[in-house]
Amino acid sequence: MAPGTILGMSAAGPQDPRFADVGRLVVRCPDRPGIVAVLSRLMADTGANIIESQQHSSDPVGGTFTLRLEFVLADLATRRVELERALAALAGEWQFTWRLVEATRKPRLAVFVSKADHVLQELLYRVGSGDLRAEVAAVVSNHPDLEPVAKAHGVPFHHVPVTPDTKDAAEARALELVGDVDLVVLARYMQIVSADFCSRFPERLINIHHSFLPAFVGANPYRAAHDRGVKLIGATAHYVTAELDAGPIIEQEVARVDHRATVEDMRRIGRYVERQVLAQAVTWHVEDRVIVEGDRTIVFA
Amino acid sequence: MAPGTILGMSAAGPQDPRFADVGRLVVRCPDRPGIVAVLSRLMADTGANIIESQQHSSDPVGGTFTLRLEFVLADLATRRVELERALAALAGEWQFTWRLVEATRKPRLAVFVSKADHVLQELLYRVGSGDLRAEVAAVVSNHPDLEPVAKAHGVPFHHVPVTPDTKDAAEARALELVGDVDLVVLARYMQIVSADFCSRFPERLINIHHSFLPAFVGANPYRAAHDRGVKLIGATAHYVTAELDAGPIIEQEVARVDHRATVEDMRRIGRYVERQVLAQAVTWHVEDRVIVEGDRTIVFA
Amino acid sequence: MAPGTILGMSAAGPQDPRFADVGRLVVRCPDRPGIVAVLSRLMADTGANIIESQQHSSDPVGGTFTLRLEFVLADLATRRVELERALAALAGEWQFTWRLVEATRKPRLAVFVSKADHVLQELLYRVGSGDLRAEVAAVVSNHPDLEPVAKAHGVPFHHVPVTPDTKDAAEARALELVGDVDLVVLARYMQIVSADFCSRFPERLINIHHSFLPAFVGANPYRAAHDRGVKLIGATAHYVTAELDAGPIIEQEVARVDHRATVEDMRRIGRYVERQVLAQAVTWHVEDRVIVEGDRTIVFA
Amino acid sequence: MAPGTILGMSAAGPQDPRFADVGRLVVRCPDRPGIVAVLSRLMADTGANIIESQQHSSDPVGGTFTLRLEFVLADLATRRVELERALAALAGEWQFTWRLVEATRKPRLAVFVSKADHVLQELLYRVGSGDLRAEVAAVVSNHPDLEPVAKAHGVPFHHVPVTPDTKDAAEARALELVGDVDLVVLARYMQIVSADFCSRFPERLINIHHSFLPAFVGANPYRAAHDRGVKLIGATAHYVTAELDAGPIIEQEVARVDHRATVEDMRRIGRYVERQVLAQAVTWHVEDRVIVEGDRTIVFA
């Protein structure tokens, strides 16, 4: 038996009956009375059974309305076209954009790492357990250290060294190796990716920063946190934009430390916060629960 | 200036413009496709602007559907009748029950206490600050100790002593003094109220129990928690039913303790958990965010 | 009965038997093997019964050693001199400084506020309940709004208006009115105090800042937090130094918010975090549990 | 390379310089003035440099005193005998028992599991990362499912089926296979071990129970928690005694759930609480931070 199969990666596979015929619809439009009635009517007429419904209006007057529905529709794969046609027929009048997803489809992730394994291990564990319904298509690293971890889970590993001089070429090479993915996760990659790289994955590039942003932007945040004498250390998962550590925040969490904690203690404690925060953010993202609105996110948790 | 006015109790009074024309609608019915479409259509046709919407289905197939809407409807006080008529016209076909509330209306609370003041103080503070939009109509106690606290906030205080022999008469007397109230809050009352008393306030009688229920039912839970050596102590706010400490739970919270904590330390730490948990539960209740479903609650927080 | 007496401010007064003969000793010196043996021997020979002991070394080699003892010594008030003499006899050889406090002594606080009452109310409540063993000697404000709150607790209130032009004079006037106090607490004072003011209360001036420092230094942190889209809001209690919001942190805490939270919601939620954090910090300070070490604090919680 | 080596299990091996010459001393005796002075003097005279010191008295009068020291003593392995001789010379007079441990020594663990892998994976991850300084000597299970997980970490796996009829024999067989270990961890073993088994590992047998004990003792606690409508679910790590789920608690933690959570959701959320709680408890145990005192534990965290 190959090591890659050992951790139950097929535990919640595409055939998982819990997800058959489950669909997710996210709709965004200018807020206007009647939009919920129209969409609810459409779903009811289609025969969809709503199992989860969340909505948000950035401002009831003149704001943007966002609706996320999770529903069961018998024979969804076939009837999806019909549903899309019905949505398209209404989209013009109500000026909405939409995204319709079949829950059986597992998004493909590329995970970029450096030498630290804790976040990668957690993502692979959650994928294996089925708690994170995604497929890790590739692990990319500027160091060879974590190849065995990827291999143990049956995931292709690409070692792409990066130096200041070869950064553009390295990014290009990584993109080529990774191929077509739905989401890129920077799981303690420790490299600043280029603006061009960011622009290829708009709202599809998630980073974990090891501080409670916006405190301690940049390098060595645990050292900075220690020097400032904070009583809580944190981690922040955010979409990456061209500006360093400034993209829309998806999730944050903190852990308590006291005067005894050295920088090394903070790093150790922080690792558990980081893995939790990034895994949560990625899970919400692949379940279409995160919607970017300007510099902020809506999270239908 | 009377002491009762000092704590800003009018800070968020009935004329608070934030609540003018704000309504809340809670609808419950057997789950059935189309119910959201019908209700959304009704609200849209009425001209209501939905500002918050939450729903829950106990089971998409054969379960009970619950919807809570918060909306703005110009001239609500006048148009309320029209809205109720429209709801009544649909209620039969969809088998729904509903509750329509104007947010400007402040529910009247009776708060039952004994000697401990911490929970009462917190409720009065939150009412005064406007964070808890309610009116404390009366404070009732089996001891005279907290009369000054009630008086300082301009709230009538009724001392109704209770002995095992006089319990029924005392309850009757308390009810008479309290008059017509929307909610009775047992804020560390330390008396077990009768089944008859409970039955007069179905889903309108909230107690704070000073443990993480169902652990440590009954008297002296901090002593029991200490003896069991727990590492977290808790508090539970729940609706009171005839069975002791067994009613539907609204809110729970815990605080960490360690081996140094004596029973007295647990009581002291616990007081801050109790006041937080009860105040939160009462706030949710008066905002019509809590719906009892069998032995459990739906909380649209 | 005066309103000031109603909230049980004498509940844990100087005669509280729990604190009779209880002393606290804090010793600091260069770390060197044997210091604990010497101090333990001294206490044992004196007949003191140690009830709490905590120690910290900034670095076992070449660092600073800090020891905090809580002990019972029969007839402490009388025997204190003898204990001090014994400490003095050793201080030179071991190069230590010390602070010896009788627990019955309640530190005198001056609380500076502006218009918001939540932190002041909490401090007064905790003083009244005995959970915070201190005496509020005076409340000072640049606005008259909170005079009734102070008066209701029997605390002198001084209205000292401040304008950019009169700041120095206002501070001088406030200091004169406040007189001799052990600790100054800026309980949402909303004014930046002068470097001169800071220097009069070294390690005895505590501020509550309504953010998770060092994020959102300066004015309007909730607005800034909202605009940045953080998922946790925080509060920080710190000693005030000449540099704005940069003094040693005593305590921090956070609360979760989501995309629905407006700036006003964050302010409301934040008030409960602020009151908790400041009250905790002041409590630790008056119990001699906080020791400043450079830009950081040791907290023997 | 064998899969077992890939996860960095040697990251913090016996030669880890951070632990060379580090010792831990735990002393317990009747509380009596002077004990700290005597022990501190002994350590100072030996030349040990104290890097951590914690103490607790169950009652300053007539109670039991517990001291835990962590220290650096050059050439500890050699000088250990001398230190033990010095302790033995004092033990009679002060009636103390002691435990002296070299930090380089890694305790040997036997981990008993059933089919669920989450807690085992976490323990193996923490051992591999060096955060949990222990050696997993064997994994035992009544099912074969987790053999690949153990093997991937290079840990011997023993499949010992259990039926009601074969329980005694199965326990005997497991003990034989496991051999000499310092600690047995029931990591969701799902079997009630016999009183005889418990008695072989006094204060060296840790279980994770998937509820906030003492709530929901026994089987299927998530189902019971769901039915009771709790708002927090918990997990409890405790030493196992002959009485089911009643042994001294080491650590507890909770996670928030709401009305949407099904029993299955609670199980999923709970798994993350369980792994955190058990890993923390085991870590504290192997660092000699947990001392059983009657039905409770002292945890020098």
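We call the chains A, B, C and D, going by the order they appear; numbering starts again at 1 in every chain.
Throughout what follows, a contact is a pair of C-beta atoms (placed from the backbone, for glycine too) under 8 Å apart; a residue touches a chain by one contact, two chains touch by 3 or more.
Given the structure is predicted, the values throughout are model-derived calculations rather than measurements.
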Can you check whether chain B and chain C touch via the same residue numbers (shared by over half) or via different ones? same
Identity of the chain that, by mean CA position, is farthest from chain C: A
Chain B to chain C, mean C-alpha position gap in Å, rounds to 35
Taking each chain's centre as the mean of its CA atoms, how far is chain A from chain C in angstrom? 42
Please output the residue numbers of chain D that touch at least 2 other chains, ranges allowed. 260
Residues of chain A touching chain B in their complex? 33-34, 36-37, 40-41, 43-44, 47-51, 53-55, 57, 60-61, 72
In the complex, the residues of chain D that touch chain B are 56, 212-216, 227-232, 234, 248-254, 258-260, 293, 295-299, 301
Which part of chain A faces chain D closely enough to touch in the complex? 1, 3, 5-8, 52, 117-118, 121, 125, 129, 131, 148-149, 151-152, 260, 268, 271-272, 276
